[in-house]
Every structure is written in C-alpha cells, then in structure tokens.
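Both complexes shown next keep chain A, but they swap its partner, so chain B is in the first and chain C is in the second.
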Partner chain A sequence: MEYLQIVFSFEALLTIAIGTIAGVAIGGMPGLTATMAVGLLVPFTYTMDPTMGLMLLGGIYCGAMYGGSIPAILLNTPGTPAAVATAIEGYPMSKQGRRALALKVSVTASFVGGMFSVFVLLMFAPFLAQQALKFGPAETFLLALMGLAGIISIADENSSLIKALIAGLIGMIIAVIGTDDMSGSLRYTMGMIELIDGIDFMPALIGLFSMIQMLELSGMRSHKIDTSMLEKSSKKEPMPKGISKHIALGSATGTVIGILPGEGATIAAFISYNFSKRISKTKELFGKGNPEGIAAAEAGNNGCVGGSLVPTLTLGIPGNSVAAALMGAFIIHGMIPGPELFNEYADRTYPFIISMFVANGVFLIVGLSFAPFLARIALIPPAIMVPVVSAFAILGSYALNNAVFDVYMMIAFAVGGLLLKKLGFSLEALILGLILGPIAEGGFTQGMIIGHGSPWIFVESSIAKGMWVIIFVLLIPPLLSYLKLIRGNAKQS
Partner chain B sequence: MAKKNVDRAVLALLIVMAVLLYFSTANYTGIALKTSAKYVQFLAVSIGVLSVVQLASSLLREQSNVKLILTENMVRFGGLLLGLIIFASVFETLGFFIPAAVFIPVIAVLLGFRSYVAIGLTTAGVLTFVYLVFVQLLSVNLPGLEF
Partner chain C sequence: MFIKSILTGVVVSLGLTTAGYAADYPTKTITIVVPSKAGGSTDRTARLFTELAEKNYEGFEFIIKNVPGSGGQKGFESISRAKADGYTIGLNFTPQLVAHVVSGRAKYTLDSFHVMGNVAQDPAIVAVPKDSKIMNMADLAAAAKASPLTVAVNGIGSDDFLAAKSFEALAGVEFNLLPTKGSTEQKAGVLGGHVDAAFMNLSQMIKQHNAGDARIIALLTDARDSHLPEMSTAKEQGYDVQMRATRGFIAPAGIDAAIQAQLDEMLSTIMASDEFQANAAKGNIFLLPQTGADYLSYLTGLQGETQAVFDKAPW
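Our next item is the complex of A and B:
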C-alpha cells in the first residue's frame, strides 16, 4: 500500500507520463534506440530523487519499445530493430488502408505484453533468475537458430525458399565482418578502420526498410494519393477475433526470452511472430498484412521489458543493453543489483516495478488516442514525404555512432537491397541474418570451446534437447508445404 | 538487361564469394581455427551450395526475357540517389542543417511538388524539430557548423 502511494502521487505520475511519452517519441525515430535514450538520461537522474529518476527511465524503456512499431506500420521503417517483424505485417496493412487497426493491435498487444512481463517480474523475479542461469552458450546458439527458423516461415508461402535462405546467409556473412571475438584479429575489413566494430544493423535497417521505400516512391510514374484508403482507415475496424491467443503467446514468449541474459527484444519478436504463424488459422495472410503477426511480435518485444529486468535486478546480470543502462542508473543511486534491492531498497525497487504498470497504461492511452491522427499520414504527398524521410534516414544512420560512414552504409544497403528485392530475395530474411548472426556465432564459438571442439555440447543438456524439438516443430510444417508446392508445380508442368 | 541474366550473375558472384570465404578461413589462427573458422566455413558451404542449386534450377528452367526494371522514372530515382550521396559527402563539413535546408526543397521540386509555401514550411519545421529534439534535448553531436 505504501508503495502504491508513492507511485500514485502527482509527482510520480507526471514523471512516468513524461518518461513514457518521450520514450514513444524516441522509439518512433529510426536511429534512436531505447538504450541510447536511457543511457543519455541516466546522468540527468543523478540530481533527481532516486525513485523518480528510476521511474522516468522505466517509462522511457516501456514507451520506446512500443514506439518503434509506429513508423514500422506507417512507413515500413522500424523505429527499433525489435519492430522489424511488426513492419512485415504492419506496412501491408497500412497499404490496404487498415493502418488504424494495425496501430490499435500494436498498442494493445504491447500493453498486454508489457503488463504481463512486469507482473512476472513483480511476483517471480528471484526464482526465475536462478533458472535463467542454467542457460549457457549452447542454448544461446539454439535460441538464435530458433529465431533464424523464421526465414523458412518468411518464404514458405512463395516459391523462393532457397532465395530466402541465401538472403539470410548474406545477412549472417555481413555480420561476420569486423573483429573476431575469439582471436581478436580483424576479418574482411578491407583495411577500413570504420569496419573494425563490424557493420551496425541500424544503418542496414534504415537502408533496407526505409530508404528502399523512398527510392521506390521517387521512381514511381504517378504520385497521386489514394484518398479512398484513408476513408477506409477512418472506419473503425474492430479487433480481429482470436487475436488474444496470439497476444498471450507473444507475451509469454517475450517474457521468457527477456529473462535469459543477453537475449533481446528483436529475437523475442521474431520467435513470437514465428510461433504465431504456426498456430494461425490464416497462415496464408502472413506477409500480406495479418494483424495476428503484429499482435505476437509486439507482445513479444514488450514482454521483454519486464523479463529483461529479472536477471538485472536479482543477479546484476543485464537481460539486454537497455537493462544494462538501467542497471547503471541503479548503481549511480547507490543501489547494487542483487537480493538487497528487494530487501534493503524495497521502498525504491517495488515502486519502480509498479511504475512500469502505469507506464504501460500511459502508452496505451497515448497510442489509442493518436492512432486515428497518425493514420492520416497517408495524406502527405510522396513528393514531400520522400525528402523529409530521407533527411531523417541520414540523421538516424549518423546519430547512433556519430559516423558519416554509417550514412554511406545506409545508402549502399538501400541500393543493394533494392536490386536483391527486385530479384526476389527476401530483405526480411537478410536483416534477420544480420541481427541474429552475431548471437549465433557467439553461442556457437563459446559452445565449441566449452565442449572442447565437440558439437555434442549443442544436444547435451535437457534444455538443448527441448529446444531442438521446438526448432524441428517450427521447421517441418513450412518445409513440407514447400515440398508439396514443388511437387504440384512438377505435376502441372 | 534481362532479369534472369542479372539473377544468374548475382548467383555466380555469390558462388565465387562462398569459395573465397571458405578459403579465407585458412588465415585464422589459434583458438579461432576450431571456433570462428568452423562457423564461417559453415556459412560459406551453405551459401555456396544453395547458390549452385538456385543457379542450376535457373539454367534448367525455361524463363522469359523480362527486363529488370529498378525504377519507372530514372531521373527522379537517380536525382534522389545523387542527392543522398551529396548530402552524405558534405555532412561532416557543413553539418546537417545547411545540406538539409537545400536537400528537402530540391528533392521535393524534383519529384514534382510545386507548392513552394508548403515546401518552405515543411523544411523549416523539420529543421526546428531536429534542432530542438536532437541538439537541445538529446545532445546528439551533429558535425559541422554549430548554432
């Protein structure tokens, strides 16, 4: 009761609201991530009351995770990497004039995923943190494989499965560029010092999703705006039936993956998306604008918020990079993460956790209120939208590392990606490979060291065996349907 | 150029890349030989085999001579691309604001937008927004001239 009073004071509510709205805005801008925002604002909270400071940062974390879905749906430009899966379904819905529904599904799923994960954090944090420690490099590798299995799902509705796999591998090969973690030597950098840390996925993301869109728009013969789409979007569409099971699935998946140290919201969103496709009754609509995919992906990445704080607060092991920045804030305020947080500093820790329920409520209200206005983005003439979005794409690519090289990378990814897209290669698969490649390599190489060079390490533990079963369950149905398609084509010809 | 020919050229390039990638692992040293090198070899073999299969299937199948069209309007497409490259090349010396103040109106006009008041207001709005949010609020260090 005492903690609730702290959270529901005027000052605390205002702090949470400001943090959450700022988070939504930051997450909505490609190039600005939740990690960057929390990292930048940690020093500012130093002079604030510790509880208020933590609430502000918690609000930013929750808001930014949702905010990434807004440009993903409206402009095919994921604000954060975790919103890539959302763009796959959200943008086609936008093009069909269903952007208001897509935004509504996204904010609702984000809300449920966020609330569920914070509830789990509040109730079971210490117990779950102990379980997460059983997760080693071999299991991390398998988790990345589970995410990469999504490549098969992306492709199984058309005939270019091989091209989707090739695109995924191109992404994984690009991710290899940079310093080899094992030997410390440089790989494939061609003597360029800008490539020492490898190719950042943010310029790639902006180039492959946002800039390609702008290049295509600029090269279109006609730039007429189809206002009928807006009329359609202004008609209130109810939430699709059966969407709740996809939200529930995404929430649980995101929370579990968030709890695992080092795993992020991107992998959670993709795995949730993949699971959702497997259980969906409308599989054929995936990739063409299925709200179920948005629901699972958004519930998945927001489920990571509470999940990632489980090992952070109880063991001092950050669940992901944002949680690491938040951990810095706890330490700045003299609170060392560990069991002490829940005993000695309970009067700060519990209000912080409870404040995240409020933050989820704030972005739900903001999202539902602004969705109809955001949907009107369709009225902006492409001739003015293209230069504005391009300018932001340049700024977003630059802002992450303050490097002009990243801007050139973004342009290169846009041009190369456009060529690959026209040839039928899946850009979603490429970006999936680029993001999950380093996680897969890290898990594989560390696993090989622990296993003294034997690959049996990847099937030894009971968790690993269970994960292999899930991977096969994810892979077999799309592979079978692909084989059926080939046989069908062969019979026809 | 025919789409099938570009497709085959890309696949052939990928096969060459796979071979080079595989043999590059001979330069790995120490522990990397048993770890990172194996991973890279796996990637090289996978992409090589898949590219060969795709290329073979493309060569064996009858395919139409559809042309590869990257864009319907080369002037606008090329103009935007050129604008982006110029923007990036002067970014470090002139910063964001001056190039953006030129880039946005020029590209808008190039794409056929003729409402000059709307262009001016949009450009001013974007620059003000970037200044307030990126420079003032988030302290992002933009290069070039300072305001």
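Our next item is the complex of A and C:
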C-alpha cells in the first residue's frame, strides 16, 4: 500500500509522465533509441532521488518501445528495429487512409502487451527467472532460427520467396564482418578499426528505411497530397473484430521472449507477427495493411519491457541492451540486482515496477488523444519532410557512437538498399538477417563448444525439442503453399 | 543543496589557490575519454572523479566523451592521438590496454601515454554452478584432467582468458574454453549450469555467491579481499594464478609538466578523500589507488605476461 502512495505522489506521477512522453518522442525519431537515452540519463539520475530516477528511466523504456511504431506506421521509417514488423502492415494501412485506426491498434496493443508483462514481472519474477536459466546457447540459436523464419512470412504471395531469402542471406553475410568471438580473429575488417565490432544495425536501419523512404518521396513525380485520405482517416473506424486474440498472442509471446537472455524486442515482434499470420483468418491481407499484424507485433515488443526486467532484477542478467543500461542505474544507487532488491530495497524496487503500469497508462492516453494530430504528420509536404527527416537520420547515425563513420555507413546502406528494393528484394528480410545472424552464430558456436563438438545439444533438452516443433509449424505451411503455387504456374504454362 | 555545494567549492578552492600551479589553466572544459559505454563500470569511475573534481576545484569543468567498442581500442587510440595540451585525458582498463599492443593491432604503445594513476580494480575469480562438485582449485584441476571442462571466459585476450590460460599451464590441463560476449553471458552460463566453471571478476559474481545462486571457489589475487574475507586465494590453495582488472587514468604523453603535475595531484587528492571512497563503495567499485609510477610498472609487467601467453597461443 505504501508503495502505491510513493507512485501516486504528485512528484512521482510527474516524473513518470515526463519520462514516458520523452520516451515516445525518442522512440519515434530515427536513430534515437531507448538504449541510448537510458544510457545517457543513467549518470544524470545519480544526483536524483533513486526511486524517482528509476521511474524516469522506466518511463523512457516503456514510452520508447511504443514510440517506434508511430513513424513506422505513418512514414515507413521505423524508429527502432522492433518496429520493422509494424511498418510492414502499418504503412500500407496509412496509404489507404486508415492511419488513425493503425495508430489506435498500435497504442492499444502496446498498452496491453506492456501491462501484461509488467504484471508478470510483479507477480512471478523470481520463479520465471529460474526457468529462464535453463535456456542456454543452444536454445538461443533455435530462438534466432525462429525469428529468421519471419523472413518467410515477410515474403507474401506476390513477392518472390527466393528474393526474400536472398535478402536475408545478404544481411547475414554483412553481419559476418567484425571480430570472430570464438577465436578473436578479425573478419573482413580491412584494417579499419571502425569495423572491429562489426556493422551496427542502427545505421543500417536508418539507411534502409528512413533514408530510402525520403529518397523515394523526393523522387516522386507528383507531390500533391490526397486530401480525400485525410477525410477518410478522420472517419472513425471501429477496432477490427477478433483483434484481441492477436494482442493476447503478442503479449504472451513478447513477455516470454523478453524473459530469455539476448536481444529480445526485435525477435519478439517478428515471432509474434509470424504467429499471428499463421492463425489469422485473413492471411491474404498480410503485407497489405492488416491491423492484426500491427497488434501482434506491437504487443510483442512492448511485452519485452517487463519480461526483460525479470532476469535483470532477480539475477543481474539483463534481458536486452536497454535492461543492461537500466541495470547500471540500479548499481549507481547501490542496488545490486539480486534478492536484496526485493527485500532490503523493496521500497524502491516495487514502486519502480508499479510505476511502469502508470507509464503504460500515460502513453495510452497520449497515444489515443493525439492520434488524430499524429496522423497529420503524414500530410506534411515532402519539401519540409524530406530535409527534416534526413537531418535526423544523419544526426541519429552520428550520435550512436559519436562517429562520422556511422553516417557514411548509413548512406551506403541507403544507396545499396535502394538498388535492392528496386530489384524487388525485401529490406525487412535484410535487416532481420543482419540483426539475427550474429545471435544465431553466437548461439550455434557456443552450443557446439558446450556440446564438445556434437550437434545433439540442439535437440537434447525438452525446450529445444519444443522449439523445433514451433519452427516446423512456422515453416511447413508456407512451403506447401509455395510448392502449390509453383505447380499451379507450371500447369498453366 | 546547490548553494551548499557552491560554498564548499569556494572554501576548498580558496585553500588551494595558494599552491603554485600552472597559471591560466584551465581556460576551457577538459574532456575525459571513456573507452566504453555510458553507465558501465569505467564510465561510473570517471563520473565519480568528475563529480568531486568539479565540486572541489574551482575553474575545472569536465565533459565525458564515451568512445565505446573494439575492447577499448578506439578510445585508447583517441587518447593517444589527442593534443597534449592538458584538455584531453582519459581512462584505461586492463588487460585490454596492453593486450591490443601485444596482438599488434594498436596504433599506440605504453610510451604514447603519461600514466596518471590507478583508481579501481576488480579481482579475478573462479566461479562454478551452485550444485557443482568442484569445491576448490584442486578439484578443478582434477576434474579437468578426468574430462575436458567447459569454462567460460569473457572473450579472447580478456583478463579472464589470460587467467584461464595461466591456470591451464600451471595445472597441466586443457579446458574446453567458451568465449562469451560480455560477463552477462558468463553469468547466465554459470547460474544456469550450462558451463562447468567460469573465470570472471569479483564484482560480477559477489551478490550471486552471497545469495547461493553460484559458488566462487577462489580469488586470483595475492591476498584476500575485504569484500569477501572468508574466500581463500588460489595462491593459498597451491595455484599461484594472479589476475585482476584495473581501471586508471592516462593522458597523452607530452603534456606540460606543471599542468600534468596539477592533474596527477588532483587525482590522488580526490582518491584519498572520504567522500570519494564512500561514493565508490555505494557504486560497487573496488578502489585500488596507485601512483602513476607504480601503475606504469604494473602495466609494463602485465604487458610482458600477456606477451608470453600470446606467443604460445596467438589470437
């Protein structure tokens, strides 16, 4: 009860609201990420009251995870890699003038996913963290495979499956550049110190989506804005029927994946998206603006927020990079993750967890009430939009590591990506390969070492067996329908 | 609060201005290069220093520039390249500073720097899962002889890696070494029982050890540590393996002697203050104040040891 009093004091509520709204803005801008914002603010909270400081950072985390979906839907420029799946459905909806609905679905799904995961964190953290420990490198490899299965669902019936697979492979090949963690040797770094850590996926994300979108926008013949779209969007469209199923699916998937160690949110969003496509009654609409896809992906990536804090707070094993930065804030205030957080420091930890319920509420209110205004962002004339977004793209790339090299990298990805896009290759598949390739590689090589060179480790545990079943369920139906399609084409000719 | 800190600043600076320091320095903000990301332990060490330095020394302002990645190499190189005018100094951490020299990748040597002094340390430890039968270093050696043990180290060329390699040589065993990306993966491996043992640092495992989630079997230092006094060292157990991570301050070589002396003294004065020590304890930072000369001789020795390991098994 006293914890609630702490959270609902005026000062705390204001802190949470500021954090959350700042988080939404940060998540929405290309190049600014929650990891960066939390990392930069950790030292700042050093001088703050510990509980308030943590609430501020928690708000940023919750807000940023949702904020990434706004530009993804409106402009096809996902602010975080976890919002790429959202853009696949959200941008087509936006073009159809259904952007108000897309935003509404996204904020509602984010809210439900976030609330569910924080609830799980509050009630079951110690128990779940112990379960998550059973998840080893071999299982990490399988999780990455599961995420990569998303490449199949990105390729819809029209675009070529082969081209999507090739794009994914290009992404994984680019990810080979950098240090080989197993031997310490350098791969294709060409003597450049900037490449020792490999290619950062953020400049790639900014280049492939934000920058290309701006290039395409400025390359359009007609810059007339269809005002009929605005009229249509102002008409209230009700939430689609049956969407709650997809939100629930995404929330559960996101929370579970969030609890597992490793980069969670991107995998969670894509796996939730993929699941939702499999169970959907309107599969054919995926890729053309299906709100069900947005619901699953957004519930999935916000589900990661609470999930990722489960192992962070109980064991000191951060579930992803934002959680790792947050852990730094706990340590600065002498709160070393472990059982002490829940007894000795309970008067700070519990208010922090409860504050994230409030943070989810804040962005729900903000998102719903500002949706009609936000929707107008898409109507800003290209003459203003292109330079502003491009400037942010360059600033954002630079700010990641304070390195001009990343700006060049972003531009290189924009140029190369534009060529690939015009040739019909899927950039979503490329970025998925780039992000998940190294996770798969790390899990595979570490699994092989732990298994003393035997691949049996990848099927040994019951978790691994279960994951293989899911991977086959995700892969076989699309493969069958693809074969049917080829056979059908052969008969016609 | 704010006024109080200004007042303290004024009082302290009045006391200090009488000393004979280089005239008109500093006239602008001093950059501190932190070769790792914001919020990490090196970053926190730097911020502990700047907080008190700005408070106690009038006219001094610091800005922290994080240059993360490549095991600190990018950051170390940018310190070595910086103009030696006293407006850029930085932090280093070992053994990465010397490991990059040994592996031939660094564009600097120890001579590129003026070593200002060490601040913090983190003893190397050996940890095993809580239900492991391995209770001490002798058990570890015996088990490794019986069958190859999977042992997690934080990347190739790290302090963990070097410690594991010297234990291998000393005990005449060969581990099935598992390099990880960061201590988080090591921790997950030990807590989840996916590895047989891990060479890590004390601060990364002390809470888990105390909570009974994992077991530390030895400290790899010459004497016991006050943070875990009941824990015996590997040396006591008959295996003289010593390794620690250190974090100190360095500056580009060639800074004006008077300015450099002023900075060095500032560092040692702040490290000796009660407030600094209290803040460090709160932030889980283990202090090991060392003068520049002492620290330089440590670094030189460490470079020799690292070279020996590298020559046997280069990476």
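We adopt the following convention: the second predicted complex is superposed on the first by the 490 of 493 C-alpha atoms of A that agree within 3 Å, B and C clash if a C-alpha of one lies under 4 Å from a C-alpha of the other, contacts with A are read in each partner's own complex, and residues count from 1 in each chain.
Following the convention adopted for this analysis, contacts are C-beta pairs under 8 Å (C-beta built on N, C-alpha and C of every residue); 3 or more make two chains touch, one makes a residue touch a chain.
It should be emphasised that the depicted structure is a prediction, and the values quoted were computed from it without experimental measurement.
Undergrad: Kindly say whether there is room for both chain B and chain C on chain A in the superposition, answering fit or clash.
TA: These partners fit in the superposed model.
Undergrad: Name the contact category of A:K484: first (chain B only), second (chain C only), both, or neither.
TA: A:K484 sits against neither chain B nor chain C.
Undergrad: Regarding the shared-chain residue A:G338, is it in contact with chain B (first), chain C (second), both, or neither?
TA: Second partner only, chain C.
Undergrad: Mind working out whether A:I449 is in touch with chain B, chain C, both or neither, as first, second, both or neither?
TA: both
Undergrad: How many degrees apart are chain B and chain C as seen from chain A, counting from C-alpha centres and rounding to the nearest 10?
TA: 90
Undergrad: Going by the contact rule stated at the top, is it chain B or chain C that touches a larger number of residues on chain A?
TA: B
Undergrad: Name the contact category of A:L395: first (chain B only), second (chain C only), both, or neither.
TA: first
Undergrad: Under the stated touch criterion, which partner chain does A:K465 make contact with: chain B (first), chain C (second), both, or neither?
TA: Neither partner.
Undergrad: Using the touch definition from the top, say if A:Y46 reaches chain B (first), chain C (second), both or neither.
TA: second
Undergrad: Using the superposition on chain A described above, determine whether A:A325 touches chain B (first), chain C (second), both, or neither.
TA: The second partner, chain C, only.
Undergrad: Per the contact definition in the header, classify A:M182: touching chain B only (first), chain C only (second), both, or neither.
TA: both
Undergrad: Between chain B and chain C, what minimal C-alpha to C-alpha distance in angstrom results from the superposition?
TA: Distance of closest C-alpha approach: 8 Å.
Undergrad: State which residues of chain A lie in both footprints, the one left by chain B and the one left by chain C.
TA: Residues 40, 181-183, 185, 402, 446, 449 of chain A touch both chain B and chain C.
Undergrad: In their shared complex, at which residues does chain A touch chain C?
TA: 38-40, 42-43, 46, 133-137, 181-185, 193-194, 196-197, 261, 311, 315-318, 324-325, 328-329, 331-334, 336-340, 401-402, 442, 446, 449-450, 452
Undergrad: With touch defined as at the start, can you tell me which chain A residues reach chain B in the complex?
TA: Of all residues in chain A, those touching chain B are 25-26, 29, 32, 36-37, 40, 162-163, 165-166, 169-170, 172-173, 176, 180-183, 185, 187-188, 211, 214-216, 218-221, 223, 381-384, 386-388, 390-392, 394-395, 398-399, 402, 404, 407-408, 411, 415, 418-420, 422-424, 440-441, 444-446, 448-449, 453.
Undergrad: What residues on chain C touch chain A, complex-wise?
TA: 37-40, 43-44, 47, 51, 64-71, 73-74, 77, 103, 148, 150, 155-157, 176-181, 184-185, 187-189, 191-195, 207-208, 210-211, 213, 282-284, 315
Undergrad: Chain A touches which residues of chain B in the complex?
TA: Contact set of chain B toward chain A: 3, 6-7, 10, 14, 17, 21, 24, 28-32, 34-36, 38-40, 43-44, 46-47, 50-51, 53-54, 57, 68-74, 76-77, 79-81, 83-85, 87-88, 91-92, 96, 100, 103-108, 111-113, 118-119, 122, 126, 130, 133-134, 138-143.
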